[in-house]
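Two complexes, one shared chain (subunit A), two partners (subunit B, subunit C).
Presenting the complex of A and B:
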C-alpha cells in the first residue's frame, strides 16, 4: 500500500517497550526473552504459528495473563511507567487505570467477546462509566459518535441491538469502537480478523489503518497471517517457540528475510505464483492425451436445490424450509480438482453435504459414478474417533466396504498391509499404527484423515476447508500431500475453501459461490485472468496486494 | 487464545500426574478392602452368622468378637461381612441391569431421536418425578418382597438416570465429524452405535456407574432397613442397622459397625468414580 510508512525513526520515544520478557507456564517457557518496542503512531505486527507465544505476549502486556502464568524475567514499560517488573507482584490498581483508558484490546472472537445478554450500546457505555467523569446524558451521544467513527451505519438502531443480531464484521466493529472510544495510546489486536470472511477482513484492516493514522497511536497487531501483517503493519516481528526470531520493516522482511524460519514462512504463504510441478498441468496434459475419448464424469450435479428445515426442535412447531443452495449445476471429471470458493454461510458446506447424501432435503439431480465418495473435514481434532488407534481407523473403511460388498472383503493381513501402505503414502511411519489420535499433532491427524478418506480408493473426495485450521507451514505440506496423492491415486477432489489463494494453488477449475448460487465457474487460469462476475472480481481484488 | 488456554490445561493435568491420582488410589483401596471382605464373607466368616448364644448377648468389641455381638449373641463382624456381601451383590446386579438397559435405550433414543425419544424421555421425566425409594416401594408392594424383586424394582427405578446420561452423550457425538465419516464409509447403524460411539462415552459412563452403585447400596440398605429387602436371618447392612436402632444406647457398636461399613463403601466408590473421571479426562484430553 502506498500509505504505508517504510521506516520509523528510531530515536522517537517508544510508546511501549517490552524488555527481555519471559513468561512461564508450569515448567515450560511460553515466551522467552522477548524484546519489542512500538513507537507512537506505529503498527507492529507479531507473526507466528500457533503456540509461538504471540498471544501470551499480548496478554502479558495487557496485564491479563492467567493465574497459571508467571513472569520470570523482564519488564514492560508503558510511556516511561514500568507496568510489569519480573519478581514484583502485578500492580492491579495501576493496571486498572491503564486498561481501557490508555491501552485497550481487540480480541479474535467477536462472538464471545461481547456479552450476549446486554445491548451493545450499553456495553460500550460501560467504558465511559468506568473511566471518565462524563455526565450520563452525554454517554449515548459519545457512543454513537464512536460507532460512526468505526464505519457502522444506522447507529441509532444499532445502539439497542443485542450482539446476536449483528454480523461478525459488525460485532468486530463494535469491539473496535469499544477499544477506541477513549482514544487509547496503545491498541492490542489479537487476531482481530481471523474469524471473519475475506471481504470483511479487508474492511477491518482498512479501518484499523485509518484509526492508526487518525489517532496516531501505537498498535500491536497479532496474526498468524504474514500477508495480512504485510498489508497493515509498519514493522513485523516473527516469533517462533516463544522467541522473536526477526524484527524488520514490513517491506524488508519480505524482500530480504534474514532468518531461515522467516523465509520458510514466506514461502509457505499461498500466493498466486504457480509451483512448477503442479498436477494441474499434468492433469491437463493427460486431458489432452485422452481428449479423443469422451471423459466420463465421476459426479454430475444438475439444477440442485438444497434446503434446511428450520425450527425442528419443538414437537408441534411449524417447520420452515429455507433454501441454502439454489440451482447448482456442475460436473466433476476423474482426476481433476474442482475448487469451490465463497464466504462462510454461502452454502459451500451445505452443497457438499447434499452431494454426499448427508442432507436429503434436496431437489434436483446428483449422480455419482464412484463408490462411496469420502469427505475430509476442516477440524483434524474432531474428525478422528478419539477412542480408536490409527491402525483401526485406517482399516475401518475397508471393513465397512467388505461388509457391504462381499467381493471387496479382505483378510486381516491384507487390511493391515493396506493400512501400512496408506500410512506411508501420507508421510507417516508405521510406529503410528498403535497410537491414538490424541497422541498425534494436528498436521499428523489431518494426514490420517486424508488417508482414511482415500484408503478405499473412492473416485472423488470432498475436502471441506482441509487446511483452514492449520498453520501456514502445515498448510503447504498438506496441500502438497493432497496433490501428490491425487497424482498417485487419480482421485478427483472437490476442494472447498474460503481462501482464494489456497483454491488457486490446488484447483484445475474453480466455482465461485455466493448466497447459495454458483455465480461463476471456469478454468482456474481463465477465471483469475478474466473474471466475469463483479463478485469474483471483488474476491480477487480484495486479496491482491 | 484457545491455544494458550489449552496449554495451561495440559500443564495442570501434568501436575496432577506428577502427584499421582490420589482419588483413584484411595478409592481403589477402600473399595478393594470392602469387596475383599465381602468376598471372603461368602465362603468363610470368623463365627457362624446365625449361631446364637444367650451368654454372649451385647458383648463389647473384644479379641474374640472384634465388632462385638448383637442382641442374640451373634458375632457382628461375621454378620457385617455377610451383610456387606449381599448389599454389594444386590447393588451390583441393580447397576448391571439398569446400566445395560440404560445403554441400549439411551443409545437408541439419543442417536435416532424422533418420536421414540420423545416418548421415552417423557416417561423418564415421570419416573424422575418421584423419589426413587418411594417408587421402588410401590413396585415391591406390587411384586412382593424378596431379593429378586428388590433387584428388579431398584433396577427399573435406576434405569432412567442411565438413559439420560447415555442419551445426552450420544446426542453430543452423533453429529461429530468422525461419525459423519463413518456413515460415509457405509458403516452399519448398530456398528456406529456400539463400536464407534460407545467407547467414547465410557469415561462418563463409568462415573455414573459408580454413582449408581452408591445409590444402589444406599437404596438397598434403606429398604432392608424398612424391612422389605433382605429378610432375617439373612444379613444385610440395612437390616442390621434396623435391628441395632433399638439398642443404640445399650450397644452402640451394633449400629456403628454396619453404619461405618456403608460409609466406607460409598465413600470408596465415590472416590473411585472421581479418580476414573480425572484419569480418563487426562487420557482423552490430548487436544
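Presenting the complex of A and C:
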C-alpha cells in the first residue's frame, strides 16, 4: 500500500470544516465539541463504536439530521460558506443547493437505501433532473456513463432493473454512481461496506480510492472497522461517546496511538498475529482424536444435500426444488470448535438449519450423538422476545425440554436456580433476571442468547455469526466468553462467520464453504499456513491486503 | 401475461367452489319448503306435484348441475314468494334485475368518494404531523369512524334534505327515467357509506406514509437535494399506497356486499332490502343467488387487488 502520510499539510484550503460541533437529541448529547476538517483530495476516516456519534456527525454535515436533533454549539463550513450554525434552524433550501450537487452520501445498507419500487436508472437520473439543465434525452446516456465509471457491466440492462434484482455489491455501486455523477466536492460514506461480503468489500474500497484519486474530492469515511480505515484513509479520527479522542495520520495512529482508547480498539481487532492458545490442545493433530484416545463424535454429517422448495402460493406453480448445500461431509467431536466460513448465500445457514432439523428437505445422513443441539443467532436485538423478562427467556429452553421429555422436567425453583447460575456464568448480574431485553445493551443481549443456548447443557451448539452485529471491543469479549464457557461445560461449537479472522481466533478446525460446497476443511493453523484451494487463498489474501 | 392467465384460472376455480358451497349450504337448511309454500292449501298430492316441479326428487348432483348451468345461462331460478301472474312464479333474474344496478352504483359512487377524498386527506395529514391540524384530523377521523352509517344517513338526510333542500328525502329517481338525477340522488347515501371509510382509509394511509417516511431511501432522496414535495410524490406515496390497496380491497368488498342499512334509511330499492325480505320469508332461491353474488364480488375484488398490487410493487412480479 502506498504511503499516504504527509500528503496533506494541515489547513491547506479545507473543503469542509466542522467547528466545535455539538448535537443534542432530547436531553442527551450525541456529539460533543467535535472539530474536524477535510482538505480537497483527502480521505478522513472517522472510526468509533456504535453510539460514538460518528453517524450523527456525518448526517449533520449532510443536513440530514432528523427533526429531533438540535445543534447546540459550533458550525459546519463548506468551502467558506457556513451551512449550519448553532441556534439556527436547518435551512433546507440552502442545503438543497449543496446536497447531491456539491456533497453526496453513500449509505450503509444499499438494499434499503434505494427506493424498492423505482428502477435504478431512474433513481440515478433524479440527480440530473434535480440539479442540471441537461435535456432529458441525454439523461440516460449520462447515467450509463456513470454506471460504467463505477465498474458496472451490462449497463443497458441494468438501467431498467429494480434494486431487488441486483446483488449487494451492485446496489452499492449504483449508490456510488449516484453519488459521483455530478462530481461533488465532498463524498460522505457511512459504513459503505459493512453490509457486504469480504470480497465485495475490497472491491468497493478500491473503487472509492480510485474515485478519490481521479476526482480529487474530499471524502468523509465513517466506519467501525479500524483496519478498513487504515486501508483507505489518509487521516483517521477516533470517536468515543460523542467526542473525537484522537486524530492522526493513518500510519501514526497504528504505530503511536496516543490515547488508551485507541490502543484498546487496535488490540480488539481480531488479527492473525495473535495465536489462539487453549489449554490441553497441541498445535498438531486435528485437535480432536489426539493422544490416541478415540472419542465418540457429537455430530456426524455424511454426504448431505440440502434443498429448498421454492415457494409459490398459486395452485399451479410448479414447485422448484433448489439445491443449496451439496455433499457436506464432516464430523464434530466433543469440546472442539469447528469454524465455517463463507460469503453470504454460500449455504452456511442452510446447512445449520438442516443439522437442527429445521429444514427436513435433505438427502444424506445427519447423526446426532447428544441431546438437543441449540443455536446462537446473529442479531441479539431481534432474536429475543421483547415482551418477556430475561429470567423467563433463560428458563424457556428448560421448560421446552421438560415438555418433550418428562424425565427432564424440573421444578420452578430448580429452573430459576439454573437461570441464575447461567446468568452468572455469562457474566451478568442477578438483577438482570427481571429486566426486558430492551433494557439491555447489545453485548448483554448476546450474553443472554448464549446463556439460552447453553442452559440445557447441549452436546453442541451452532453459533450463526454470533459476533457479527457487535462492535469490535464487544466482539472480543463475547468470543472470550464463548471460549471460557466451552472449557467449563465441554460443549462443541459449530461456529459460523463470514469473517475469517474471527473464525481463526475461535476454531480448532475450519471448513470453507462456497456455492453450497465445502471446498476445503482442515486444522486451523494448517489451513491458514497452506491453503490448498484457490478460493481459500482468495479469502485469506483479500483480507491481508 | 402468464401470471394473469394463472390467476384467472384460479379465480374461476374459486368461484366454482363457492357456488358448490352456497348450493350445499341451502340443502342443509332444515324445514319443509313445499309445505311452507303451499301453506293452507297443502294436500299430499299437491305437495308431491310441487316437489316434482321444483326438482326436489332429483339427486343433489343433478340439482346442482341444473342450477349452475341455469345461472351461467342467465336463468337464476324462480322465486318461491313473488309471482308474476296467477299461475307463474317470478324469475329471480327479473326480481334482481332492476335492483342490482342501484346497489352497484351506490357502491361505485362510495368507492370513488373514498379514493378521491382519502388519498389527498391522508397525504395532507401526514405532512401536518406535529402541528395543530394533526390533532384536529385525529379527533375528526375518530369521530367519523365511530358514527354508525344509519345515523350518518339520518344526519345527511336532515342536513342536505331538510335544511339545505338539495334533494328530496324519499324522492328516489329511477335510473331508467333519469340517470343523472339518479346519480344526483345517490350521492347522499353514498356519502353516508363513504364517510367512515374515508376516515379509516385516510388514517391508514397517513400511518403508512409516516412509516415510509422514516425509511432509508427517503434519507437517500433528501441527500440528493430533493424537495419535500419530490420526496413525497416521487418516492414515498407509491410505496405507502401498497398496504392501502389491500385495505381498500377489503373496504370495497364490504361496501358491495353490505350497504343494506343505508338502502333502508334512504328508501333505495337495492338488493339489500330484497335480501332482508327474502331471508325473512325463506325465499331460498333468491337468497341463494344473492349469496352467490356477494361472494363472487368479494372474490373478484380481491382478484383485482392482486393485479393492482402487482402493478405497484415490482418485487412481486420478479420473484
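One rule holds for everything that comes next: the second predicted complex is superposed on the first by the 512 of 545 C-alpha atoms of A that agree within 3 Å, B and C clash if a C-alpha of one lies under 4 Å from a C-alpha of the other, contacts with A are read in each partner's own complex, and residues count from 1 in each chain.
In the analysis below, contacts are C-beta pairs under 8 Å (C-beta built on N, C-alpha and C of every residue); 3 or more make two chains touch, one makes a residue touch a chain.
Everything quoted here is computed from the prediction, not taken from an experiment.
Considered on the superposed subunit A, subunit B and subunit C are sterically compatible, since they fit side by side.
Within the superposed three-chain model, A:438 lies in touch with subunit B and out of touch with subunit C [touch as defined at top]. Legend: residue contacts after superposition of the two complexes on their common chain; A:162 is shown touching subunit C, with no touch to subunit B.
Residue contacts after overlaying the shared chain place A:68 against subunit B, while subunit C stays out of touching range.
Taking the Cα centre of subunit A as vertex, the centres of subunit B and subunit C in the superposed model span 30°, given to the nearest 10.
When the two complexes are overlaid on their common chain A, residue A:109 makes contact with subunit B and with subunit C alike.
Once chain A of one complex is fitted onto chain A of the other, the partner contacts of A:101 are limited to subunit C, with no touch recorded for subunit B. When the two complexes are overlaid on their common chain A, residue A:374 makes contact with subunit B while staying clear of subunit C. Counting residues of subunit A touched by each partner, subunit B versus subunit C, the larger count belongs to B. Of all Cα pairs linking subunit B with subunit C in the superposition, the shortest spans 5 Å. 107, 109, 315 are the residues of subunit A that lie in the contact sets of both subunit B and subunit C, per the superposition on chain A. Those residues of subunit A that touch subunit B in the complex are listed here as 25-28, 30, 50-51, 55-56, 59, 66, 68-69, 107-109, 190-191, 315, 356, 358, 372-375, 377, 379, 381-388, 396-397, 400-401, 403-404, 436-439, 452-453, 456.
Listing the residues of subunit A that touch subunit C in their complex gives 62, 64, 92, 95-101, 104-105, 107, 109, 112-118, 126-127, 130-131, 162, 164-165, 175, 178, 314-317. Within the complex formed with subunit A, the residues of subunit B that make contact are 1, 3-5, 7-8, 11-12, 14-15, 118, 176-188, 191, 196, 199-200, 202, 283-287.
Residues of subunit C touching subunit A in their complex: 6-7, 9-10, 13, 215-217, 219-228, 230, 234-235, 238-239, 312-315, 318.
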